[in-house]
Structure formats: structure tokens, C-alpha cells
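Below is the structure I would like to discuss, written out as C-alpha cells.
In this document, chain identifiers A, B, C, D and E correspond to the written order of the chains, with residue numbering beginning at 1 in each.
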Amino acid sequence: MRTRLVVMLAVCALVVAVAPFVGPPMPPDARDFILWQLRIPRTLMALVVGGTLSLVGAVYQSLFSNPLAAPSTIGTTAGATLGALVAIVLGARTALWGLPLITGAAFAGALGVSLLVAAIAAGRNVRMNDLVLAGIAFSMAAGAISTGVQFSADSAELLTAMRWTMGHLPQVGYQNIVMLLPIAAVSVVGLLTLTRALEVFISGEEHAESQGVNVRAVRMASIGLGALGVAGCVAWCGPIAFVELIVPHIVRRVLGVSRRVLLPCSVVVGASFLVLCDAVARIILPGRETPVGLVTAALGTPLLIYLVARKSS
Amino acid sequence: MRTRLVVMLAVCALVVAVAPFVGPPMPPDARDFILWQLRIPRTLMALVVGGTLSLVGAVYQSLFSNPLAAPSTIGTTAGATLGALVAIVLGARTALWGLPLITGAAFAGALGVSLLVAAIAAGRNVRMNDLVLAGIAFSMAAGAISTGVQFSADSAELLTAMRWTMGHLPQVGYQNIVMLLPIAAVSVVGLLTLTRALEVFISGEEHAESQGVNVRAVRMASIGLGALGVAGCVAWCGPIAFVELIVPHIVRRVLGVSRRVLLPCSVVVGASFLVLCDAVARIILPGRETPVGLVTAALGTPLLIYLVARKSS
Amino acid sequence: MTSLLEVSGATVRKGERALLEDVSLRVAPGDFVAVVGPNGAGKTTLMRVALGLQRPDAGRVTVNGRDVGALSPRERAAFLAWLPQRVQVSEPITALEHVAAARYRFKESHRRSEESALVALARVQAEALASRPITELSGGEQQRVAVAALLAQEAPLVLLDEPANFLDPAQQLELYALVGQMWRSGLGVLCITHDINVLAHAMRAGSEGRIRVLGLSKGRVAFESHYDAPDLGEHLGRVFSVRMRGVEVENRRVFVGMSLERGE
Amino acid sequence: MTSLLEVSGATVRKGERALLEDVSLRVAPGDFVAVVGPNGAGKTTLMRVALGLQRPDAGRVTVNGRDVGALSPRERAAFLAWLPQRVQVSEPITALEHVAAARYRFKESHRRSEESALVALARVQAEALASRPITELSGGEQQRVAVAALLAQEAPLVLLDEPANFLDPAQQLELYALVGQMWRSGLGVLCITHDINVLAHAMRAGSEGRIRVLGLSKGRVAFESHYDAPDLGEHLGRVFSVRMRGVEVENRRVFVGMSLERGE
Amino acid sequence: PAPEAGTRRIVSLSPGITETLYALGAGEQVVGLSDWASWPSETASVPKVGSTLSPNYEAIARLKPTLIIDEQVKQAPAGSLSALAPVKVLPWLSVDDVANGIRELGRQTGREDAATKLAQKVETTLKRKPPPDAPRVLLVIGDPEAALTSIWYIRKGSLHGAALEAAGARNAVAEDPAGPPNVSVEQLMTLDPDIILVLVEGPRLTPEEEARQLAPWKQLTVLRAVKQGRVKLVAGPGVQSTGPRILDVVEQLQAALRFDTKTP
């Protein structure tokens, strides 16, 4: 187990170090610009976003004891999409505190919907399954409003929105990262402090409560902090599909279910996984802006199937 | 319980009977055409699709013991979308056996992906969670290929795809229903015969096996028949969101979890729920073709939240 | 029709560890076999092997001479009924529905199933629980409902994994009396238990000799004996690593576990 | 610091039914209270009320005079440790991790938690299970690990819900010896059990009188007595509806349940 | 001041603008295009650099553009693009927008004369008004699925709406309602337009394809347009173009509106 862990971490470090140099050749006079203003910021963005999303996925799966739980389950992603769509379709071309409106709106949408669910989670007699249902309900509502907004969009807006919903990582310079980083940091650090409590959750909520875990507080903190991180990532990069679902499952299968391993390793593996996907996206269709979600799934699917097949044989 | 059941059935029957007459006023000379060639076929379509989707949702939730399980969980919806997109992009202008290619392709896609999952379900040592993971993986793969296809689509194709994925019910005449009905009937009747086996599943798979249930056969049959029904519905109407998720939860909360009640009532309630939504869609934005998924969510969300809140108070 | 369950030379390995090693066993209708042994001895594993839920790495399990793996689940359920050590019901179905579900192997109407389920519940004095959600029952109530489900399956061989768990003394007594009735009515019983004394409730005077006791320890057969064997106490003491004092109470021999008084 | 758990006049209703009615109870460090009663008597409900997991419809529960609902979960965990009737672990964490998790209430490094967890596992002779996934353990092994988790929490009052479930006689004996040790070292013990005899293992000669026995029946207190009370057998017989014969074995009184011989 | 012609390197992220640039003869200045650009055929050899909301910065940087032009879509991240090169964002929705845009593109590319001529042509053509008794035409966007599942029509105030009026028809939807330009099948009965034209973007259709596209409309036998056989396709590449090809669309529409006076 220990050797596996070390190998995994080494691979991750290597991927991150090499990634910025992977891609179509750079013309010598644009080299510095491409490397320092485009590739490195973008790699950093992938690091931050991949790590945050994966951690949130791992936390939600633990919290809901459900392998299908993900930010999209409790409406975070749907809220972000809704916000972004509203901004695209209804929004004026203004910026807010130097933020593009679309970013701000996605952030607000994600946080808004998740906080509704968190508010329900604060209830006294609420069971986890009730929360899952409430999450479905809010996702559904946000999804429906999004459909409504799309329905009333004209085609140029729709095309714009469509690309947004595929997720993207492109960055010029460091401004976005500087804005996202504190949000992501609060989310990641906050969630990691919940590791111990989530470990206790494994033996049932009531038992955990009797062992000193404030179940309601942990629920609210997990959902709130998770939503914060996801809202940030989605606001800047659109909904990057599957990372939050697939990375925790991979870590769980390879390194085990102990929360103390699962949560931090999800951050590390998720971060470098997205960096890898981004680098691969640069080479498979050089010159095109391949949506990174495509590569994520293309790499993740066979890996997950292999892990499932290996275990059950 | 019995009175509740009777009340629910009566309400359902009423809804279905009244629905075709709900809508903006009909010009007198087009009245017959609108009623007999538009509204009634469309109501029938809603009946068939709503019933089938809800039943499949209920069966999947039972099978996976997971409130989040749905046709989309095991890749059925993703497969259908993929098929439709491929058809749209690679030339949807031809027809196959009198079927629009897009319908045939969506059907093939849905069935193809689900059967992969069903094949995994046939394995000897496969746990339910493994199946869920395999489903996620295939959904993801199908989703990624869809993204790729969209990415290479031109704008007109993309708009078509976008509108297709909103789901729709309109029908002119009875041709589509005649084609869908046998598929849906096989799926619904087949799934209903599994009721008893699914009831036994509640006390654990091994226990069920010892009580005479052929667990692998039930799994494969459920997934296969479910995929068939969903593939049919999605092929003709696009992915109508949420019905399969929300209806079983509502039935479960109101009438209880017994499979003998849950499954048939999901058919009835789902059918009339979609009919209701369709009728409502006609009046909220008269003169427009409002996507029915929008109304589904708009009606379903508050209902679900109310049911969750009522129970936990 | 004879329904003979035969386990021969069953071995189960998990990685390096052998969970079960070369264990053989015969249960025919009318037999009563008690399996005893310390925690982790492999008793539950043996039962799962006998049921065909776990394939042994070596050895064979047959029912009526046919390999248990070759039977369809329904056929097998017609021979063997199982009371698991931990029944986990995931949803609040009623006790009646839970018991009725156990009649899956019968091709009959739901009404018939429910009638039979009610009879089975009555036999464990749990009619009153019929319409209560099973997730809201107390530990002992759940166990009684599980026993009712076992009865409802109407198999000629019943496999019980610590059926007295969670039950209060009166219920234990009732349960074993019931098991005794089933046995005398011709069923074969394979029963895992930690408390050999409760077996007393299963029998009438004179039938002691017909209760076979199989001792398991670390996956192997430690002893094979009979309930009335004079050296049973010693055997038990050995596998459990305690002193078993047999005392006579109202013409019944009762074993009382005593610590080995280490250090006293 | 005295940690006094006081339940006074607790009543729990569920719809029409009263699950618990006007039950009072005091457990201080150094006390040993055994709660007995038939299935469904409300024993587990009483324990959940005492832990603050279920709010009583009437009555109060205080720990050291403070309302149990007003304590933070961590504070409460510093007073009360609970062994539930059915522990359900949903994922294959190792036994060590499970026990270490029980030390949540301590603000300490993970290494410290694991060390203490190992000590706790050793006390129930389960060191060998430390690195095994808990979902792969046998019923009895799981129960031992659960007891280790209880010990690891180091609370002055321990609440045990049928701790001997799933355990073999040697383990039961060890467990109760351990509970006895904890008691004598000053802890307060509230223990639900169906088998009053096992309490014998918890005590040394002379301490019988200090074990209080609370009989529950249909949610009400049926009797309050002591382990050495001469009429305990009758009390027990009454709540359980069996005949309880007390016999003397090696200077110990052992109760043997006998059927009421209805119809014989 | 626009840079020298030979050194201008333009990236255009809007297909309509791209078309205009080529129409102005500034095609050789174009070094990068949006993924959606497909006309004229020379564009095939020009690198594609993403779309408005997700441009491929690296690809753009590698092209070392001197100007990036995009059509104004709400929320486009013009800010970060300007780190690569000066960015020009043009509104491109109405006839005036397009005419002004053409002139601006002329200035930027040093093709002012050609631009003025084109802009004038666009203005004079597209600002023609239909006679008051012109037929009421519903112009809908065709759907490859060829089902009447959602009918999207052309708004009066849009570029294609102007093209329809320029071709000598009145828009069947007399004033633009708020909300999406979508009409239900039922609503068609109320609108009952004189003529229905279906715009299908893409290569020319074979007769079978045309028949298939029209088949669903033929089912709507109560519509006047259907009864009189006045449903037609307007198909071909560029029928949905927002560039100068819109002028060809006017001609195509005019041709499509010429029906034989006799009803079939």
C-alpha cells in the first residue's frame, strides 16, 4: 500500500512537471508568451480545478454513502449552469468587480442552489436519503429553468452556451487563477479538516453522533464548502464533466477507502489527472480547442472499467 | 392506504380524460384536426412514454438499491443522445425502414450502451456497486463521444441536437405511437413480471438468491427490458428529463415502498403525470411548443420538496 | 423424495488463509446437526458453501446427488431455506411483505403468499407485527420475522445461523421448541449456535442421541459427537477454550461456561 | 468530576403506541445497571433516549445536571460511549481504522489514535484483526472490534446494547470479565442483556449486591432489583414469561430458563 | 490607423464576418477562423482557432495576429483575447448592424471602396418593404430530423426577417412577440399562413430528401398553405448565412415565392 502510494505520487508529480512542455511546437519568438502566459497558467488552472473537483466528489460520496453522489447530485452544477445561461442570455455586457458577468453568475447560481440544500441538511430529523431527494429536486428545478432559458435564446447565444457547457480550461495570464485560488483553497483546506469526521461516518450517522461527531454541522460544512469550491471551478471553467465522479472511484479502488488516504489523494490525483488530460487535449487535435471533458472521459473510462473488471475477476 | 390508492387512481384517470381538452381555444374549422390528429395522439404518446420511463426508474432504483439510479445511471440516456447526435451530424437526411434515421440511431445507441452494462451484470462475482461504476463509465464514454461529435458539428446541426436534447412530445397522427407501443408494451409487461423478484431483493442479494431468485437473470432482464423501453421513448421523444427519477419517489412517499404497489403505480402515475405536464405546457406559453421537461420539473420539484419536508417534520 | 444435503471435503481459501478446510457434512430430512465453534471458526462460511452461495475451492456440495451449483436458484430454494446471521432489510416494507417475499419459490397468487405468510408469522407469535415496517422493529422482533420468513419457504432442510441472536429467553425457548417441532415433523435442521443448552428446548425426552454436534475450529472439524455424549462438555470446552461444567437441572443437563481461572 | 447520567420520567410515543413510559434511571461512575426485558420492551429505545439520539416526548435526560440535548456531541461523547445493537459498517475500512475513528472526541494526532486503537484491540484479543477489512470479518469478530471501539472512546459511562450478541461462550466470558474490570476501575456501566447469567463473569465475589437490575416490559419499569436479590428469578420469570430456575454451580447462582410447561 | 495591407493578420471568430472579409477581397489577410466557418471554400485551408466563448489562445498566439474580430455575443471574453492582439467586436444582428459592420471591416482591411459598395447593396436590398397585399409567409428553420417537434420561425426584426420582406412577402407572424421564436403545431392552425417556406442549411437536397422534409408538413391538411400546395423548401449552403450571402438568400426566397397561380 505504501509503495503504491509513493508510486502514485511520483507519477503525479512527473505529469505536472512535464505537462506544460507537451503540445504542438512553439514558434521561437512566441515561445515565452505561449509557455508563460498560456500553458503554465492553464496547467495551474487544471491543477486547482482538478484537485478541488475531485476532493468535493470524494467528500460527497462519503457524506451520502452513495457512489453516485457528486456535485451534480445536489444541484451545484445545475445551479452554475443556470447562472451562466442566465448571464449569457439575459445578461448585459457588464463586468462585476473585474469579473466577467458569466463567471459571477455561475458562481452565484451554484452557491445559491447548494445553500438551499445545505439549509435542508440543517434540519433535525433529515435523513441522508431525504437530502439526496432534495438535491435531485433542486437540480431538476435548475435544469428546467436552464432549459427554459435555452428555449428562449437565439441561436448565437445557444451556440455560445453550448460550448460553455462543455467545459474549458483556456487561460491567458494569471488573473483568473489569482481569483479562483483563494476560493479553492478555502474549500480544499476546509474539506480536508473534515476527514476525521467523515471517517467516523462510515459506521452510520447515529453511531458517529454518539462518538462525538456533530452530524448536522459536518453535513452543512461539507455541502457548503464543497459548493463553494465547485462554484468557483465551474464559474471559471464551465462544468468539466466526470472528474469529480471518476477520480475518487479510481483512488478508492487503488489505494483503499480510508478517508485519510482517499481525500488527500483525490486532491493530488485529480489535479494531475486534469493536467494530463489538458496536455493530451493539446496533442490529439493540435490547434483546436478540444474540450477537456472529452479527454477526461476518454482516459477515465477504460481505467474505471479495467478497475471494475480486475476486482470482480 | 387503500383509500389513498383509490384517490390517486381516480385523479390519474381524471387527468388523462380531461387533458386533451386543455389548451388554447381551437379555431372551429381546425377543431377536429387539432383534437384528433394533434392532441389525442400527443396525449397517448405522453401516456406511453410517462408510464414506461417511470416504471423503468422505479425498477432501477429497486435493483440498485439507490435513490439516484435511473436510466441515465447506466448509460441508456447517454447512449441515446450519442446515437441521435451521430445521426444528426453524419447525415440525418435519410430514413431507415420508414423511421427517421435519428430515431433509429437513438434507439440503437441506447440499447447498445445498456447492453454492455447488462453484459457486465451477467458476470458471476459482480457486485451492484461495480455495476453502478460500469454504468457511470459507459455513460461517461458515451457523453464524451457526444461531446466530440458536437465539437465537430456545424452550427445548424448543433442547434438541432440542442433542441433534440430538450425532449418533446408533439405528434401528428398515430404512426409513431403505433411503432413505439409494442416496444413499450414488451418493456412494461416484462418489467412488471419481475415485481416479485424485486420484492425479494429488498432483503439483500444473497438472501434473495437463497430464496430462489436468480439474481443474475433478474439483473440482466431488468436492465435489458428497461433499456428497451427507455430506448424507445428517447428515440421518439428525446430525453424527457426527470420523469423516471421523480415519479417513483413520489409514489414511494405517498403509497409506500412495497414493489407490488410501487411498480404498477409508477406506470399509472407516471403516465398521467406526463399527460398533465403536457397539458400544462400548452397553457403556460400558449402558441409555443414549450419543452415538456420544463413543466415536468416545475410541477415535480415543489411536490418532491413538500414530500421530503412533510416526512421530516 | 429424499432431500439429502452432502458437503464433502469442502475447502475455502481466501488469499493465504484457509477459511474452511476439508469439512464434510450430511444432513438428511429428520436429521438435526448442530454446528458449534468459536468466532471465526468458519461456521457461516460452511453454511454459505452448503447453500451454493460460495463456491468451494475444493470439495463438492450436492443436494440429492446433484451439484448445488447446477441447481437453479428456485430448485435449490425448494430444498434449502436459510436464516442468515445478519438480515439486512434496506427499505421499510412491512413484516408481512417480507415474509410473503420468502415464498418466491412458489408459483402462486399474491393472496396465497400473504395467507401463508400470516400463518408463518403466527407460528412465531408475530401476527401483531404483520403490518409494521420492518425497519422500525426491535432487534428481537426482526429476528422473529426472519424466522417466519424461513418457515414460509417450506423447505425440507433448514439452515439456521445463530437463530437465537437478539431473542429474549422466552423467545429463544419458543424458537427452539419450534425448531424441534419442525425437526420432529420430518425436516432436516442444520443449526449454528454458540449456546448448546438451548438445543434442549428442541427435543423431547429420548431424542438427545439423535442430535449430532459438529465442532469447528479454525476451519477444520474439531470433533463430531452427539448431544448426549458424556464427553461433550470436554469437547466443547476444548474448542471454546473455556471450562464447560455440566449440571443437572430438572433431569436436563445444562452446560455452564466457567473461566479457566487463569492466574486465580 | 462526577459524570452522572440521569433519566427521569422518560416517555417516548410513536403515533398511538408508547414505546417508553415514565422510565427513570441513574447511572453514576462505579454503578452497574443491567437492563433486562423481553423483545420490544423498549430497552434500545431507553438507551437511545439516554444518549440524546432520540428526544423523549416527556421527561428529561441530564448528564452532570446538564440537559443531554444541550451538550455538543463531542462533550457528550466524553461522557457516554455506546455499543449499538447492530453496528453497520458500509465500507471495507480496516478494523484498526474503525477503532481509531472512535477516538474522534480526542484532539490528537492520527498516530496517537492508532496507538490507542491497537491497545483497545488488544484488550479484546483482536490485534490480529487490526489490518483486516471489517466487512470481511465473521459476526463475532465484528462484535469484538465494536467493543474495542467502545473502549477506545474512553468515556466514564458505557452503554452496552446486548454486547454478547454474536460472541462465542469464551468471548462472552472474556467480554463480561472486561466489562467487570472497567466497572471496578470506576466506570459506570449500563448494560442491556437477555442473559442475566453472563453478568456473573463481570463480578468478583461480594460485588453481586452492587449490580442493579432494571426490568422493562412494554415500555414500563416492571421491577427494580439487585443481582443477589432472592426474588430475582421470579422477577425475571415474570417479565420474560418463562420459569427461571436458579441453580448453584461452584458457588454461583445460575438461572436456567424452563418453559412454563403449558399443556404438559 | 490600419496597418499596411501585407502585414495585416486577422483572426475572425464569427462566420458571418469571415464571409464578409472574403467578400471584400480581404481573404488573404485572414490567418485564423472560428470553428464554425465553412464558407467560402478557401476557409478550409485556414487554421481553426476555437469559438467565441472557448477560443484556443495558444493557436491564436501562434498565428501572431494583428487584429481579432468577433461578432458581439453577450459575455464573450474579449478581455483575455486582448492580451494576444487588439480586439474588434462588432454588433451583427440587424440590417444596420451588418451594413455598419461591413464599412468597419472595410476600414480595418483597407478595402473601403468595396465595403461601401457592399454595404449600400445590403442596405438597399434588405430595406425593401413588401406591398401591403403580399402573401403572408411563415419562414421556418428546417430541422434535419424533419419532424414537427419544434417549429422555429424567423423573426420579423432579424436579418432573415428583412430578407423575407425584401423578397416581397409579409411575415406571417406580424409582430415579434417576446420570448422564443417558436410556434406550436396548434398555433399554426390559428396563424394559417398563405405560404410556408422551410430553410434547410447544407448541401442541395435530392428529390427524395426534399419529399421527406416536406412529408410532415403534408400531414397538416387543414392548413391553407398545405391545401394549396404552398409549402416549399429553401435549401442549400448559406441559406442561414449572416454574411453577404444573405443577398443570395433574398433571391432564393423570391424564386421560392413564385407559385403557379393555379392550385394543384
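Convention: contacts are C-beta pairs under 8 Å (C-beta built on N, C-alpha and C of every residue); 3 or more make two chains touch, one makes a residue touch a chain.
Everything quoted here is computed from the prediction, not taken from an experiment.
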Chain labels contacting chain D and also chain E: A
If a chain touches chain B and chain C alike, it appears here: none
Among all chain pairs, the one with the most C-beta contacts: A-B
Far-end chain from chain D, centres as C-alpha averages: E
CA centroid of chain A to CA centroid of chain C, Å: 50
Separation of mean Cα positions, chain D and chain C [Å, integer]: 27
Chain C and chain E: spacing of chain centres that average the CA atoms, whole Å: 78
Sites on chain D at which at least two other chains make contact: 88
Where chain B touches two or more other chains, by residue: 151, 155, 159, 166, 291
Interface hub residues of chain E, defined as touching at least two other chains: 35-36, 179-180, 182
Contacting chain pairs - touch in the sense defined above: A-B, A-D, A-E, B-C, B-E, C-D
Contact footprint of chain D on chain A as seen in their complex: 65, 196-197, 199-200, 202-204, 206-215, 257-258, 260
Residue ranges of chain A touching chain B (in the complex, touch as defined): 66-69, 73, 120, 123-127, 129-130, 132-134, 136-138, 140-141, 143-145, 147-148, 150-151, 155, 158-159, 162, 166, 241-242, 245-246, 249, 290-291, 293-294, 296-298, 300-301, 304-305, 307-308, 311-313
Chain D - residues contacting chain A, complex: 48, 51, 53, 72-74, 76-78, 80-82, 84, 87-94, 97-98, 100-102, 104-105, 110, 149, 153
For the chain C and chain D complex, residues of the former touching the latter: 14, 37-41, 43-44, 85-86, 88, 136-141, 143-144, 162, 165-173, 177, 194-195, 197, 201, 236, 240-242, 244-245, 247, 249-250, 252, 254, 256-259
Chain E contact footprint on chain A (complex, rising order): 23-24, 26-27, 29-30, 33-34, 37-39, 87-89, 91-93, 95, 100-102, 151-154, 156-157, 159-161, 163-164, 166, 168, 170-173, 282, 287-289, 291
